[in-house]
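Here chain A shows up in two complexes: once beside chain B, once beside chain C.
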Partner chain A sequence: MRDSIPSGSLNGNILVIGGGIAGLSAALEASEAGYDVFVVEKKPYLGGRVAQLYRYFPKLCPPYCGLEILFRRIRTNPKIRYLTMAEVVDVSGEPGAFDVDIRLNPRYVDLEKCTACGECAKVCPVERDNDFNYGMDKTKAIYLPHDLAFPMKYVIDDSVCKKLECAKCVEACDYDAINLNMEAKTIRIKAESIVVATGWKPYDAAKLDNLGFGVYENVITNVMMERLAAFNGPTKGKIVRPSDGKEPKTVAFVQCAGSRDENHLPYCSAICCLASMKQATYLREQIPDSKAYIFYIDIRAPGRLEDFYTKVSQDENIVFVKGKVAKVEEAENGNLVVIAENTLTGEKTRTEVEMVVLATGMQPELFEVKLPIEELKLDDYGFANFESPGIYAAGVAMGPADVASVVEQGTAAALKGIQIAKR
Partner chain B sequence: MIRVEPDVRFVKDLLKMGGASLKKCFQCATCSVVCPQSPDDNPFPRKEMIWSQWGLKDRLLNDPDIWLCHQCNDCSINCPRGAKPGEVLNAVRNYVFYEYSTPKFIGKLFTSPLYLPIVLAIPLILIFAVLQIPGVLKTPNMEHVIFGSFINDLAIEVAGLTMGAYVIIVALISFYKYWKAIGMSQDLVFEVERGIEGKTEQKVGGFLSELLQALLEIIKHSRFRECTQNNYRYWAHLGAFYGFILLAISTAGAIVYMYGFGIEELALEIYDPVKILGNIGFLFVFVGVSWIIYARLSRSDVTGSPSYQDWFFITDLYLVVITGILMETSRFAGAASIAYPIYLVHLYFVFMLLVYAPYSKFAHLMYRGLAYVWAKKTGRMPELQVQEVQQ
Partner chain C sequence: MADAEQVEKKYMLYICTGCEIGKSLDIDKLKEVADEEFSVETKTHEFLCNSDGVELIKKDIEEGVNTVIIAACSPRVNFDTFNFPDVIVERVNLREHVVWSHKPNDSDTQMLAEDYIRMGIVKAQKTELPEPYKEEISKNVLVIGGGVTGLTAALEAANAGYEVYLVEKEAELGGWVKKFTWLTPDKPPFRDLRKPDIDEKIKAVMENKKIKVFTSSYVEKISGQPGLFDVVISKNGTKEEVRIGSIVVAAGWEPYDATKLEHLGYGKYPDVITNVQMEEMAANGKIVVPSTGEEAKSVVFIQCAGQRDPDHLPYCSGICCMVSLKQALYVRNQNPDAKAFIIYKDIRTPGEYEDFYKRVQEDPGVFLTKGELKEISKTNGKMIVEVTDTLLGEDIEIEADLVVLATGMVPRFYEYQKRYFKARELMGLGEPQPNETLIVASDKLWEALEEYQGILNLQYRQGPDLPPLKYGFSDSNFICFPYESGRTAIYAAGPIRQPMGVVESEYDATGAALKAVQALELISIGAATFPRVGDLSYPEFFLQRCTQCKRCTEECPFGALDEDEKGTPLPNPNRCRRCGVCMGACPERIVSFKNYSVDMIGSIVKTIYVPEDEDEGLRFLAFVCENDAYPAFDMAALNRLEWHPNVRIIPLRCLGSFNVVWIADALSRGIDGAILIGCKYGEDYQCHFLRGSELANRRMENVKETLERLALEPERVKVVQLPISDYDKIPEIIQKFIEEVEEIGPNPYKGF
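After this line comes the complex of A and B, so read on.
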């Protein structure tokens, strides 16, 4: 229910690593069953990747709707305590009695005092790339992670902040909430079981050297497209292309950009087909005379999601082309030419479009950031793949999955976790 | 309705003949796009990959596109599945050597290393038989190394001409069979899914003018230059190719010396123009082939693993030039006891290279040349991307 150095006992039943949709689901289920839960989140806000989405497939409803409900359940539940800007640095002990050392990185803003009035950001002279919008806009060095951030508190990016040299924000704050001397500290939490829900990050599109990301301005990724369409995104929800801010009338969605590729991610990322179809509807809805091309190897819409594919493919301005885009070239005026072989007709097609969206896949956070948990076994790609009493995984840390599935996985992990815990 | 008649044995043969990875393909068509040699209409090698998986033998063996491939390997490097289309197309080409060979049982000998003992034995027996003819083998001059004093030059010429005649006849038969086969493919629109049969448009150009064009491109290696990955192959192949031509010219020169100028005992000095030409030829072939072998062994993930046919041809060629240079050096060194035996070994490898030319990878010269002509006639050959350097 609160985020600061927790007062009172640091004994909990269950520790959840990761405050995304899977971790929050696990934490809520366990706490509502009566167990004490700690949620540890690296970022300054909860909600994870879902907070960055504009809409869910297949219902096309806004994810914030569901997140708000989750946050409300957290706020009113005294059994959940969450720590943002927190990282697990050491785990020792055994199932039923783990000691977990957690480093609390300095936020420089007092969570009790900050009212999110924003006076500090007005006077802050330093800018930083806004990672929440995948670098498509800037924030000040003191910033609110996003409009609907939970907790709704400012934070300072200490990699750019000049701190005491500047300190303009300290002056501007009427609530005395900013403390530039704040330092990282480590606390020890006791837990009986641990849920690993560390989630994912988009695969680095710059590694796909044929597809021009980072070279041609109007080649963006699917996660960037979500931010472009989102009302709290860098363009306030207007889909425009980066080079000239023009509405793109033609957009090519490039499927399997890195996924199902031995040279990048050898596995299918599970959600990109549906995400691109969903994003094609954003485009079609917002720009009526637009046209979307979806270049794919296979359309993977399992189970009931097939209906969404059927629905989307009825729009004649959403064109499906069977053939992987293996080359993107720049045309005039910032337009792009995507080259693929349409394997149904046997022709190499060169399609000129105004913007390209790469459907980049999911890479587990654990691929690079290792957790200090010995029992945690990872497969070759960094997904948690293990059976160990007291330690359970949930969400994309286990494998690529959509939101509906990871919520179920979170619930499952909670059920496993509480079996070890003693109420 | 299109009838698909899969030939499962053919698939298995391809797997053995260098296409071991073909079943990994999932038809994403990355290969067709990254290929610098592939035309826009019915590009390769994606369609060849599915034909290989399906065992569509007729389509593949009539498909001249496999010769437009120069195994730059851009496809294999970019392939998301490790299906290595470059190697699969090489396997299909190996099958073409067999399919159109005359007689076919000799072609069969090159489909598997299991037959290598027979392949090695045939030239050995033939050479042995020729040497049994009275007057062919002589007592060599041990003071000055003169190869004609060891084996009668006339015998070599007669044997060589006989072999040459044989090679030309069987090559012409294969040539005709293949030309007819690719001609049939002109009537096919390749794509199975399209469900229609159409005609590939013929350009007006005649056979001879297109042949001239094709030869020009082969001489300039213009297609090889299109490779973006592995562009070393352009230089390496160019070296081997021109080295071989220089060696052929110097051989012709030697014949002119013997019959034009009546020199009976041929042992040219090092400064003789014909000898110089031959030595330059040796150097080119040696460097080119060494480079190819080195690149294939050290970086096979990028250059592609060579098939048995590749190894046979390149090793034989290598041994021909190495024994050749050893003959020359031992002759100049006056080491008669080394020079004469090496001469025999050299003859063996030369004989093997030439007599098997229509069956081994050597025959790529003929099939690729024909496919070039066909591609030019039908307008299938894409424009050259790499600009020729203007003089």
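After this line comes the complex of A and C, so read on.
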């Protein structure tokens, strides 16, 4: 169903907050069981963080594949309605009868009229940091978020757009789709139950000053590495180091960068070990004479994921070093030196590499962005680990987890939502 | 097959001239093609997806047009804009697949567009609106297994309003959890052990009027299809037959056979026990040294006992680190002076379980070290555990009263997997792919299953239980879709699916229960379940022409087709996922959907204009998977990547629905080559119909025969695996294929 201010009844059975893989799973599974669902997504597109991943572990398959199926299921299912650029501003009522006020932030592009032809971006003179690529490149102020963007519609970043002062895009658009006077509006939706699937963000690596992020250009994070490997990333899929665009022949992956650390995230983010192993395979596949070092405390590859660990460890150019990285320094030649304490031998090691990837952890969005839902209880880390009739959490909002687990939780939340809504 | 009551089709072609289409193509010539070759009228609009464009179409529909061909953008966009109830809508992708990806105002591009118009009209001619397969179904759910997973699934489905039959083989409900005294924490602050709430759960199940419980029972037989399953439940020799609609399998796990761990002292020393025995001891109230009956004051836990070990269980059971941390607290809580040692490879306490790990680390009586076990022996009545490669950098020797082996979980489908391997052996097949699903549909399977006591005991031609994946887990092969079991409306949950703990099993059970009730709702309206959710079409078999070759019954990835004694297929539409693999398999072309058939695609192939003169260019077909390869072409176009203009793209539901006859159709008409672009097959396959792309590849053997018969070179047909995100590689893949064919030269059948 299309993304628009819903016409007709604003009554839904279930309201899902968050249009990432957890929220979409909850929404689709409930709607396919016959219930009316609204999805509210803050960003201009659905799909969330997984859209920004190049491949999934352990299969090394592209997330776009599963997203395409999800989007097709949404397109062909009239029971699911979604709102992008939308935020929940107020929730009142009780299980079975919630009133939810939703602010629809202006996209400045008419969803009914935009054809995604791209003429607007050609004439737009303003650039912005591309958040989809974690700021590693630019888009125009009017942009299509990514190649599989759903809805496939342009959007204007109003923090940089010069609006009526410029308005070149308005002129370029043959379809009268751009309205620079668009304003936010608030609508009210009635829902019987609510699923909170607000997801996560990468822990702010700038806080990890000992590890050199923000100080040395060639220290990047794991989420950035995903974008470097992807064709729709800033380098058209070439893994190169930011300082000089050269292929890094040696890369250190620093595990638990800010995770399992009392000063940062005391918990384990559950996926970073496997993510780094996966990224080591990107490197090895693309640059055959490269070498990866993975500095770890414990390798956490539960269940059958152990097979992936076994497979990756068979590559002699992926070296696992048990040790916590204390510091990253710059060498005289511009390379980086990773200083770690090898917990097996006790010795301090200095490893020179051309690029460092910090395996930063997942922090729940709810840690900073509070939802106006009284019943929603958060733990010290911001995870929604709670029970409350009519309100259910799913995905990383609830705790760190991999994609398959998140989909299970989304599916489970769909049933809980249905139980309240059932007639 | 012409239907007497069929309404006559009234066609209209709409060409959108927006988004560069009008600027790049000669629209009048496209109209001529429709008019002169098909007598189809055309209307153009500069902005067809706009409200007045849509109004134009709606008005025509009101006036009797019932078959609409829209030549505009990709069908992947504006789906609902151009969705008109009870009207056949065919989309021709002029935007992405023609003008965004080819030179404007060029004769090759124009010919491409004209062919797509022809192909679209022919497809519309061959399409009928599907009429769903509907029968009065049962909306009851069967749950197999009365452990925490099964209990949860039963309760959750009942709470959503469905009747549930719960079958448990033991006399008592509760499974393993019933035997546990304490569980690891599941809530912040993740520090304290908790009492299992299994008794409350059992009570809730027993008191729930919607749940009928069968203990000391097993499922003897399940026949039929989703919505119409006939289940025979056997209890102490008496049988009860019930009609149910969908199934959750929560048959659980068993501990790895510790007698195989003699190298760790099990069976050799009485004071070496497993974590399960430790749990039993804790339940009995005292942790003692078996040989003496005295209280155990020092206990060594050996992690990964027979796990992460290629000679035993190569996988990690996921929960044993948490379990040993918990059991270390049993030791410490029993006696404040007691000591617990945990020897591990890696401590695996993901997420917030890390806080529990920290809490145990804080305990001065618990000693944790990474290390490799060297030897376990007994001296002077004490167990001696020697460990090397420790964090301390030196070898250590621990004297202990008791050694606990953290053994792992084996899924209850393990035996089925063994039989499956045996069947492969009997068939002379090699080692299976690590994640291969059950594909032995031969009689050898039944030979290998002699005296097999199954869990589901499905009366399916392709075997009685869920197709096992690696290590016997009935896990999905799909990260995005963890509930794909390979059998429709049957979902596995809990540790039979993958190793997991109690909380995870409860979530998993709830999710599986949702899938089970959702399948019922979809089937009740005749709609397909995942991945073609909502598809109302289904395959129909023209059995008069069936030659009993059994290809369809063997190849159906979901075991939808049974057989009579002669080998004639017995379709079960409710088991079907509508992939069309049967249609691709059939050499007699007797399998058709209302809106997808061998004849339809063959006719599309035959409508393509093939120039007699090779100077006008060669012609190629690309049969592509509509879920992955097709969107990849769209994204290549979005990036304005250009590919060779002489290729005609034909989307297929799945590459597995590719029928070899299309190659004969194409090449006998002078088309120079065909490329099949689908998903990865083999290990870590990505085909959402499990085996579609693999089967397409296997059919290349038949393609070779076809080519030989036509005296054509095998290089003219090729299968390529393309992940959706590798759209940047499309121009090169196409170019390479074309050059390979060009090297051989044009098809000699041109002009015949």
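In this text, the second predicted complex is superposed on the first by the 419 of 423 C-alpha atoms of A that agree within 3 Å, B and C clash if a C-alpha of one lies under 4 Å from a C-alpha of the other, contacts with A are read in each partner's own complex, and residues count from 1 in each chain.
Convention: a contact is a pair of C-beta atoms (placed from the backbone, for glycine too) under 8 Å apart; a residue touches a chain by one contact, two chains touch by 3 or more.
Note that the coordinates shown come from a computational prediction; the quantities given were computed from them, not determined experimentally.
Asker: Pick one for A:A340: touches chain B only (first), chain C only (second), both, or neither.
Answerer: In the superposed model, A:A340 contacts chain B only, not chain C.
Asker: Determine, under the contact definition given at the top, whether A:V407 touches first (chain B), second (chain C), both, or neither.
Answerer: A:V407 contacts chain C only, not chain B.
Asker: With the two complexes superposed on chain A, say which partner A:Y293 touches: chain B (first), chain C (second), both, or neither.
Answerer: A:Y293 contacts neither chain B nor chain C.
Asker: On chain A, which partner's contacts cover more residues, chain B's or chain C's?
Answerer: Comparing touch counts on chain A for chain B and chain C gives C.
Asker: I'd like to know which partner A:Y282 touches here: chain B for first, chain C for second, both or neither.
Answerer: neither
Asker: Looking at the overlay, does A:D307 come into contact with chain B only (first), chain C only (second), both, or neither?
Answerer: Second partner only, chain C.
Asker: Which partner does A:K324 reach: the first (chain B), the second (chain C), both, or neither?
Answerer: first
Asker: Using the superposition on chain A described above, determine whether A:T76 touches chain B (first), chain C (second), both, or neither.
Answerer: second
Asker: Is A:N263 in contact with chain B, with chain C, with both, or with neither (first, second, both, neither)?
Answerer: Touch partner of A:N263: chain B, not chain C.
Asker: Tell me the contact category for A:D147 with respect to chain B and chain C: first, second, both or neither.
Answerer: A:D147 sits against chain C, while chain B stays out of touch.
Asker: So chain A touches chain B in one structure and chain C in the other; where do those two contact lists coincide?
Answerer: Touching chain B and chain C on chain A: residues 260, 298, 343-346.
Asker: In the complex, go through chain C and note every residue touching chain A.
Answerer: 18-20, 47, 49-51, 73, 76-77, 79-81, 156-157, 159-161, 187-189, 308, 314-318, 346-355, 358, 370, 389, 391, 393, 434, 470-471, 473, 475-483, 498-500, 504, 507-508, 510-515, 517-518, 521-522, 531, 533-534, 627-628, 631, 635, 638-639, 679-680, 684, 686, 688, 723-728
Asker: What does chain A use to touch chain B in their complex?
Answerer: 210, 256, 260-264, 297-298, 323-327, 339-341, 343-348, 350
Asker: Can you name the residues of chain A that touch chain C in the complex?
Answerer: Of all residues in chain A, those touching chain C are 1-2, 21, 29-30, 32-34, 54-56, 58-70, 72-73, 75-78, 112-113, 115-117, 144, 147-148, 152, 174-175, 230-232, 236-237, 260, 266-270, 298-307, 310, 322, 343-346, 379-381, 383, 385, 399-405, 407-412, 414-416, 418-419, 422.
Asker: Can you list the residues on chain B that touch chain A in the complex?
Answerer: Counting only chain B, the residues touching chain A are 26-34, 38-43, 46-47, 78-82, 189-191, 193-194.
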